[in-house]
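Shared between the two complexes below is subunit A, which pairs with subunit B and subunit C, respectively.
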Partner chain A sequence: MLPDYENAINVVYKVLAELNLQRSRKARIDLSPHTALFGADGALDSLALSNLIVLTEQQVQEAFGVEIDLTEGDPFGSENGPLRTVDTLASHVADLVRQQL
Partner chain B sequence: MPQVSVREAAFSDYAAVAGLMQQYGMEINAADEWEHLWKGNPVYRQRGGNWPIGWVLENGDKKVVGFSGNIPVACELGGITLTAAVTTGWVVASDYRSRSMLLASKYFAQKDVDLLLNTTASFEAGQIFRAFHAKPIPIEGLDWTLFWVIDHRKFARSTLLRKRVPLVAILSYPLGAASAIIAGAKGSGRPKGPHPTVKTAERFDERFDVFWQQLREGASAITSVRDRNTLEWHFSRSLKSNDLWIYTHERDGKLTSYALFQRQDKPELGLTRVRLVDFQSLDPDPLILDAMVAAALNRCHAAGAQMLEVVGFTGEIRSRLERLAPFRRKLPSWLFYYKAVSKELKVRLQDSQLWQPCGYDGDSSL
Partner chain C sequence: MNGASILIDLISDFNLQTLGNYLENDEAEPQVSVQVAPFGQTVSALLNPNGREQGSVALVWTSPASVIPLFGEALQFRPVKEDQVLAEVRQFAEYILASKKRFRSVLVCAWTLPDWFRGHGLLDLQKPFGARNLLLKMNLELVSVLQDEAGVYILDPRDWMQSAGKNAYSPKQWYLSKMPYGAEVLKRAAQEIKSAMRSIAGQARKLIVVDLDDTLWGGVVGDAGWENLRLGGHDHVGEAYVDFQRTLKALRNRGILLAIASKNEESVALQALRMHPEMVLRPQDFAGWRINWNDKARNIVELATELNLGLQSVVFIDDNPAERSRVREALPEVLVPEWPADKTLFAITLSQMDCFDAPQLTNEDFSRAEMYDAERGRDALKREVPRVEDWLASLRTKVIVEELNGSNRARVAQLFNKTNQMNLSTRRLTESELVQWAAEKSRKLFAFRVSDRFGDSGLTGIVTLDLNGGTASMVDFILSCRVMGRKVEETMLAVAIEYCRGQQAGRLVAEYLPTAKNKPCHDFWIKTGFEHDDAQRMFWWDLAQSYLAPASVAVEFALEAGSAGPERGLGVECVAEAGT
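Showing the complex of A and B:
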């Protein structure tokens, strides 16, 4: 699979769909690039964010065959970090995968 | 969701942090004791205070709504001294829980450390640690404690309170009696037979420095530093309140073994408890540990403690304690997580033989 944005966002959608299985209908996360994951409008609590990170890294390994670390550096150091929205996460995943290949 | 920001904590944050911890039912040290965690800490002093004591979350009104403490601890592995950053006193106001990741992110982004360590992880903290690629310390059974019941009825009462069972006062009688019968059937858990002579000590004296030198020379596992200075800092609060029981065994005037038992009550449950937080021995005689446990059990009885409990330990010490203790319980979460910073240390620490965690490691007995 090519490490492009489209494939990366599909990986993120797959993970969010899995997380949604454990959430009430009202609390389900919208599968849209604009969905805020973390920060002032973030949809996820710290447990859900932890699961998102772990599952995304697993899915990336399956989809692209590389290991990435979404927590490297200080990803939550500011509220404008790479895990802010579905869109920024997908871009970050695509960048990290490209660096690994 | 309100805006928040994260910054390095300062000693002047004490009142705000203490207020927050109190609000969420957490135990908080007095201001001087809290500062002593760093200002009296041998590693912090050695670094000239060049160490983040933790981080705080602030809301838009600059009110502190979260805190995580960061304590430096020295340990040794293969003759090399490592610095571990121990996370402690983690609290975030309920409206801001989703922002706990800001604190975790700062903690895990530390560069000037060898090891990141959590020995008191809740379920939630454990999940966050896993997300940041921390690993559970690779030893089976660390989520089971071993214990002796000294006062069966009072212990039953606090257990019922913990489980929020109604009619506590009435039910504590039959449950206490049942617990006493089980303990009787399994044996009292009190070591039998003639034991080596153990003595009590009121403080850590120069013998502990000599002992530490010998212990570190023979150590094959990662070992938290236990020189006299570090022990005095670590247990300063317990020593001041007479909540630390030190048992020693000597041969030819030299310390061969010591055990540390610490009072760790849970007043909100009416639970009075003593825990074995450290046992180190240069002498392979297993009866020394038996003798120290027997002495502590007697003292628990006199001190009104309802139970004596053991968390952690591995190998022969754990096996010995499992044979002695009549009860065991599963903890609500895995307590021990670590993350090595260097690749080399990551690989080395996957070896379970290199770990001997106990209540002395991390912050559980600070």
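Showing the complex of A and C:
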């Protein structure tokens, strides 16, 4: 699979669909690029963020055959980091995968 | 189990919040709400609720090195004494047993090691160094302490980890959230926990109704003839059908009934079942069949009625999607699994179904299929012998009366929770609640085993009594429908009455509590000769009189030494009538 944005966001959507199985109907995460994940308006608490990171890394390995580390560079340190929205996460994933290939 | 959600306590030394989230948001029954005990405080969570609400079910899932400190030493390759490790295991098991007082059921996960653990490598399954060797013994010790405790069940998480594959363990997940397992393991764990809870609630399926052509064998027997069916032989599809039949037969051996619903000529299909040399299932393996050209939904209803089972007990297996769809639509209570087109997957698809899991297995379960076969013999005799009295006498029915004891309590609890029709008060009790109830000095529980010339029907009747001063109350009167109408009911009353007479009680009272299903019980009580009120709910017997036990039933007592059983209180005519 090509490490482009489209494929990367599909990986993120797949992970969010899995996370939604852990959430009640009304708390389900909207599968949209604009959905805020982390920060003041973010949909995820710290446990869900951990799950997001681990599942995304596993899905990336499955989809692109490379290992990435989403915890590098203190992603929880800033609200403007790569985990801020679905869109920023997908872009970050695509970048990391490209660097590995 | 529909309706209110069940409160489940998750007790662990790691963070089970994600498992709790899966459990709460999985739409499969039962609906649960979860409270997660603070992780790392396993023993205090087991022994002390710390203000938490009383849960119905507890799940105890721990890592072995955390709760068995000496095992942690062994993982550090320090020498430990096996008997001391096992003593720690017994101590931990005692904590679990102590917690059982607070929960109706406790599910305990066996211990595992992560797949990346190499230990002593080649020597790890061997004494004296191997951690895996030690862990096997620890799990066996845990099971041996817990297995006889009613309401405690051991789950094996190794299956969950195998199905999760390489993502079963996640070091990153551990460092981020103190959860060693990946999401796939937790999702599978949630499914298995719900499956266990359905089993405990008595929702196991009891009857498989199976199609014949292209389901039990390959080909259409009416067109090809039994000689040309694909079954066995040097043929991968034929072998797959044989394996599917073997899987069905294995389920039959553990007490699941089999029946046939097939669109065929009956004589042709039965000939195939009798004649084909590689047929695993023969006609006597089936508790009933409807082989005709009628609607299969109608045939399934008839079979369930004939076998005294509700439709919620039935699974229907058919290769034809149209037939599956028809039965699903007409009979939503019947479980109709999607069935693979690939015949080589039939056996494994059936093996993976969790709907047959039962919380206890009793001798009655293992011989259920034979019991239905015997029932066919009784029916055949009934048709031959015109007078009911002659038929009853020819059965040579024998009833053995027992008290509640360690060997029958699982079956007694099962009967309490499964019997609907001949059930006076329809009290549902877990095994441990039952034992607790019967432990009161004023109370008595009699269990009745029934057999006749056609076979052993097993433990099928229960009477419970509560003696309070001069009045005795019959709290439960329960009889499996499989022995109804053979004068066992009257024999149970005679035994109860003679026991109460022996205890110098003056009156025996029984209150009938109506349900949607126990009208047959009311119909029986009206005919017992007991006096009753106008509303026909209260029944009573003046214990100055004995109760004439049926002459067609022989009674034996197998009571514990020192017990005040009815044989010491039986009146002369009752002994003469019932015991000979």
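Keep in mind that, in the parts below, the second predicted complex is superposed on the first by the 101 of 101 C-alpha atoms of A that agree within 3 Å, B and C clash if a C-alpha of one lies under 4 Å from a C-alpha of the other, contacts with A are read in each partner's own complex, and residues count from 1 in each chain.
Following the convention adopted for this analysis, a residue touches a chain if its C-beta (ideal position, glycine included) is under 8 Å from a C-beta of that chain, and two chains touch if they have at least 3 such contacts.
Please read these numbers as outputs of a predicted model, since none were measured by experiment.
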Combined model on subunit A where subunit B meets subunit C, clash or fit: clash
Partner chain in contact with A:38 - subunit B first, subunit C second, else both or neither: first
Of subunit C and subunit B, partner touching more subunit A residues: B
Partner chain in contact with A:71 - subunit B first, subunit C second, else both or neither: both
Partner chain(s) touched by A:51 [first = subunit B, second = subunit C, both, neither]: both
Touching partner for A:4 - first (subunit B), second (subunit C), both, neither: neither
Subunit B versus subunit C as contact partner of A:22, first or second or both or neither: second
Which superposed partner A:30 touches (first subunit B, second subunit C, both, neither): neither
Stretch of subunit B penetrating subunit C in the combined three-chain arrangement, among 111-119, 201-209 or 327-335: 327-335
On subunit A, the residue positions that both subunit B and subunit C contact, one per complex: 46-47, 50-51, 53-54, 71
Contact footprint of subunit A on subunit C as seen in their complex: 15, 17-18, 21-22, 24-26, 167, 170, 172-173, 176-177, 182-183, 187
Touching residues on subunit B, where the partner in the complex is subunit A: 1-6, 97-102, 104-106, 108-109, 124, 127-128, 130-133
Residues of subunit A defined as touching subunit B within the complex: 38-42, 44-47, 49-51, 53-54, 69, 71, 73-77, 79, 81
Complex contact set, residues of subunit A against subunit C: 18, 21-24, 46-47, 50-51, 53-55, 57-58, 71
